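Heads up, there are several structures right after this.
Presented sequentially are two complexes of subunit A, the first with subunit B as partner and the second with subunit C.
The block that comes next holds the complex of A and B.
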């Protein structure tokens, strides 16, 4: 009897009541956890951002409206962190896309050891951020580091990397590309492999060379995957924390202090919970904005 | 399948050689570029393993000796003897395992409810869960910390497990997958008098083994590697996870690359073994995220 209802698309009241009960029952374990540990904190955060929050006696917090947000606009340390984070995103996102795409197109070719190469390029992604960061801190070391050992052979004054205002962020970015590119590489490779081969044959018949094939077949066909890779990497980049925390602690000076580091510092060192919540909300606004902008710029007419 | 691809690549070669004479030259260049890149990718691993097997003096010596001389396990012995790394490993294993199991259970249940049962409001609920993708986890750390503190969970594994299990990724992937299981099967089962619970346990779950395995692996690796949140809520040294532990160790042993690298090997070793055994499933889990 249950089946005929479904086939006809008509659901009698008694049955729909039971399905509602069972439906909610099956959904509830996740919903409770989702509600308590994701939704509720999000709402509390918005609420807190309107207060000069008193961490010791929350009840005595004073409501200050949007003052925290106004304070952010004038806060130089916030501007610096915002700039650093954007700079990090500019350094990493295009690099990850280009390196990932290059590796994917290379591995997709008629190449020996395809599976082996795929595993190698993906593998750093399974490291934890602290291991990747500690490892590269050693590689960049000016005393015993591998990189400057070899650079020292070809140049007399290799960069001071993590101790240098100029090179610290690019060094962190390079580490990040190595660590994370595997994720994007696997997605791009899989997208490239699902481009139908006949499109290339048709393009070749039309006399399209490698570049034209890339521009007119590969890129449009992989558009969805490219869009996804850009958005997910932007979202990760704006939340960067572990690499600078471990490699430079935000230094030298505040040259590599990022938004999340500043948020953490405001919350747990200065106990300005309300102010830190406002930073978090601004970060969310940036990420939502970035995602929507990308959707309109790149992903809009996907199908 | 393999015949078809062989055929295809042969055709490709024919087209290639007939249009460009430099085909094989190009092929050589591609090999050089790809294996060159692979070498660059593994240099950090080589450094990590090689340094961990050096004496502490040799590890800071100038000049690069890729093969340690002498090879010693001294750093590993010192590491296990003087730090709580074993405890941290157990903590990490426990947290990742429970998170993974919990995610599989609750995510498959709600995905079943959202795709296989019909009830009012389920669409809005799915939309809400999917929208939460856009909320960066870090935004929540302060209010979440207060919630955790209020519940008395600081230093408790649950403080890490429960927020990790709230993420929407698994729900999203499973909803996509469950949707594609033919409804005729479910209707036949219902005709046979199967309850929804039995349909969930006997039909949907067994049919979804592949995606559940992929999701499990991804969740395991992801929760194993989490850094910022455990750093905030696991404040006593005995409760640390490996990602926190290695950083604390590095700060304690100033400039002791042999020890630091040994701890890095210990912290990432288990995942590397898992990766070597199950790399296909793990990469499938990544691919699925791109398809959506």
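The block that comes next holds the complex of A and C.
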């Protein structure tokens, strides 16, 4: 190689520089898109959050320091939206993990129609949020919904799912679990299929039953995938917008108004873009914090 | 560009290795670039949509359904008649109601708004900074004073008024007669008698205050009750919420009683329940705006209309109203000639088309049309428009306030009303939630 390099007039140093340059060039499309569409808006958003921002005349915006963040602390509507979002995350993330894991372990067994079941369980995930939400709005309908049709056979007053403060958020959460579980199912199935069989054989030789095998072999071996599923679903849960927007518009009252809905409302209904940016930054901080906590609690020692 | 690329390609053929592969890749990249640039050029050409000597005015509307068809026919007429010259055409684009203002706002912030656009009068103060003051461009002031005034902010004229669209009581006369009641419904006692008779003598539900509970009609009707009880939503400069007292509570208390103790409707705010009920004859009466005539005209039963005397012991008759107007958004490098052309087009739309009243059902803002035979001899005049015109003339219209930083139509600002109607929340608690929501909104 050295001879060839010398023949070409290329020293190891210049080759290294050239490889670096090639690497940067290959990465540049992504870096440009990341910079223009993610990093730059993120920085501008942080800048806007320090102003009483006038979107129609940005030059007339007033610098107010951290006032937008101070206002958030006293804003009951923000606190309500934060609570609703956390409630939604509590309802959906464990459910998606448990259902996804159950489906993955079930499909992994040596059963007929494995491919068909994989396709069936994954198929809701390919729908858009509006299609999934409209479909379930119809299912929940008090007028012609299938759910209340059958419930009406066994009870006199079936719940008004999307109009009840008690049931509206669980109803949205159920829709979300049905819609998104397919993605987690595929990730978990893939992880389960990569667990070496000899580990189970060794566990059996040591007298481990089904539960012990699951607890001491399956879960530790799938830890990375479980961590990923939890983190990605937490991020999605804290960013939830489409399902409550289509199904309840944040109601009844403000029982299903989420953080991103409130952010949108602050920006486009109240034209408070600075305040909306502050909400966005708080949301980002929450997601980063939750992801770091998850990393140390679940995935810290995972290679 | 071409010669440079060609030269680089020729140079590449002298490379010691991989010359042909490299040349192929580069030719591919160059070709792709050329196709891309060509495509962009094509897109720009389509977006412009005009020949070199044709002036196209982009016009964004939000009308769907019956009045959407009428507006489409008005613009078709403009493009056939070419009243502003053979080379002036209007390109109408319709956006869904729910997206219209966000789209308009973002187009304004991005510097690429349409030449003219529909805006409710209640939005004008929010958009004021991004609208052209057309005081010097308006050729005629012969509009209904109250509607024209709604287009003036801080001494400037920011829109050409098109109509007023108050709300009223629509009913199924066949169902009334089945219940033993004869129209008109010209007092609350008659309205109450009708509701109770329908409840007792038919299978239908007597009344729901809103055919589309997801669309904010309930809010519109609560606002009407608030004003019928002589209340107001805000103080004069819109810095303080004022509906938390007796008037606001009485209005909501009555609405909640409709789905509660009165039993005239179910506490069910499913978006399309009442709309379906009105269509299939299982709901007898509802309150809605001028535009609802297009729905009622499609029904196969006899229908009637009256002023909305639907609140008990109301101190005065009031109907919630707003106006469609046409605005001219500011644009970079917008010439005076273009502004004048836009205003001329807006005036033609509002002044030369009685069909906006006679067929779409709105109360025209242009006085010569409002007083024209074309309107007053139309079928809709006797059916609905004369009642709306009387309310306007008698000062019975309660216009939406023009807020500078909050959206009257935003869903999150009125879900406390639907919450009370669904019997989820007691009236007093719902009013309190409303006060908090609006205090937050107008901050």
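As a working rule, the second predicted complex is superposed on the first by the 272 of 303 C-alpha atoms of A that agree within 3 Å, B and C clash if a C-alpha of one lies under 4 Å from a C-alpha of the other, contacts with A are read in each partner's own complex, and residues count from 1 in each chain.
Criterion: a residue touches a chain if its C-beta (ideal position, glycine included) is under 8 Å from a C-beta of that chain, and two chains touch if they have at least 3 such contacts.
As the structure is a prediction and not an experimental result, all values here were calculated from the model.
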item	value
First, second, both or neither for A:143, with subunit B first and subunit C second	both
Subunit C versus subunit B, contacts on subunit A by residue	B
Contacts of A:160 with subunit B and subunit C, given as first, second, both or neither	second
First (subunit B), second (subunit C), both or neither touched by A:197	first
First (subunit B), second (subunit C), both or neither touched by A:235	first
Contacts of A:98 with subunit B and subunit C, given as first, second, both or neither	neither
First, second, both or neither for A:70, with subunit B first and subunit C second	neither
Subunit B versus subunit C as contact partner of A:122, first or second or both or neither	first
Partner chain(s) touched by A:90 [first = subunit B, second = subunit C, both, neither]	neither
Which superposed partner A:219 touches (first subunit B, second subunit C, both, neither)	neither
Subunit B and subunit C contact sites that coincide on subunit A, given as residue numbers	141, 143, 268
In the complex with subunit B, residue positions of subunit A that touch it	2-3, 6-7, 11, 16, 19-20, 22-27, 29-31, 33-34, 36-45, 48, 58, 103, 106-107, 109-112, 116-124, 126-131, 134-136, 138-139, 141, 143-144, 146, 149-150, 178, 183, 186-188, 190-191, 197, 201, 204, 225, 228-229, 232, 235, 238-239, 241-242, 246, 260, 263-264, 267-268, 273, 276-277, 280-281, 283-284, 287-288, 291
Contacting residues of subunit C [partner subunit A, same complex]	101-102, 105, 108-109, 126-127, 129-130, 214, 267-270, 272-273, 276, 405-407, 410-413, 415-416, 418-419, 422, 424-425, 430, 433, 436-437, 440-441, 443
In the complex with subunit C, residue positions of subunit A that touch it	54-57, 71, 75-77, 141-143, 160, 162-165, 249-255, 257, 261-262, 265, 268-272
Residues of subunit B that touch subunit A when the two form their complex	8-9, 11-13, 15, 19, 27, 30-31, 33-35, 37-38, 41-44, 47-48, 51, 59-64, 105-107, 109-110, 112-114, 117-120, 122, 125, 129, 132, 134-147, 162-163, 165-168, 171, 183, 187-188, 190-191, 196, 200, 221, 224-228, 232, 242-244, 246-247, 250, 255, 257, 260-261, 264, 267-268, 271-272, 275, 279, 282-283, 286-287, 289-292
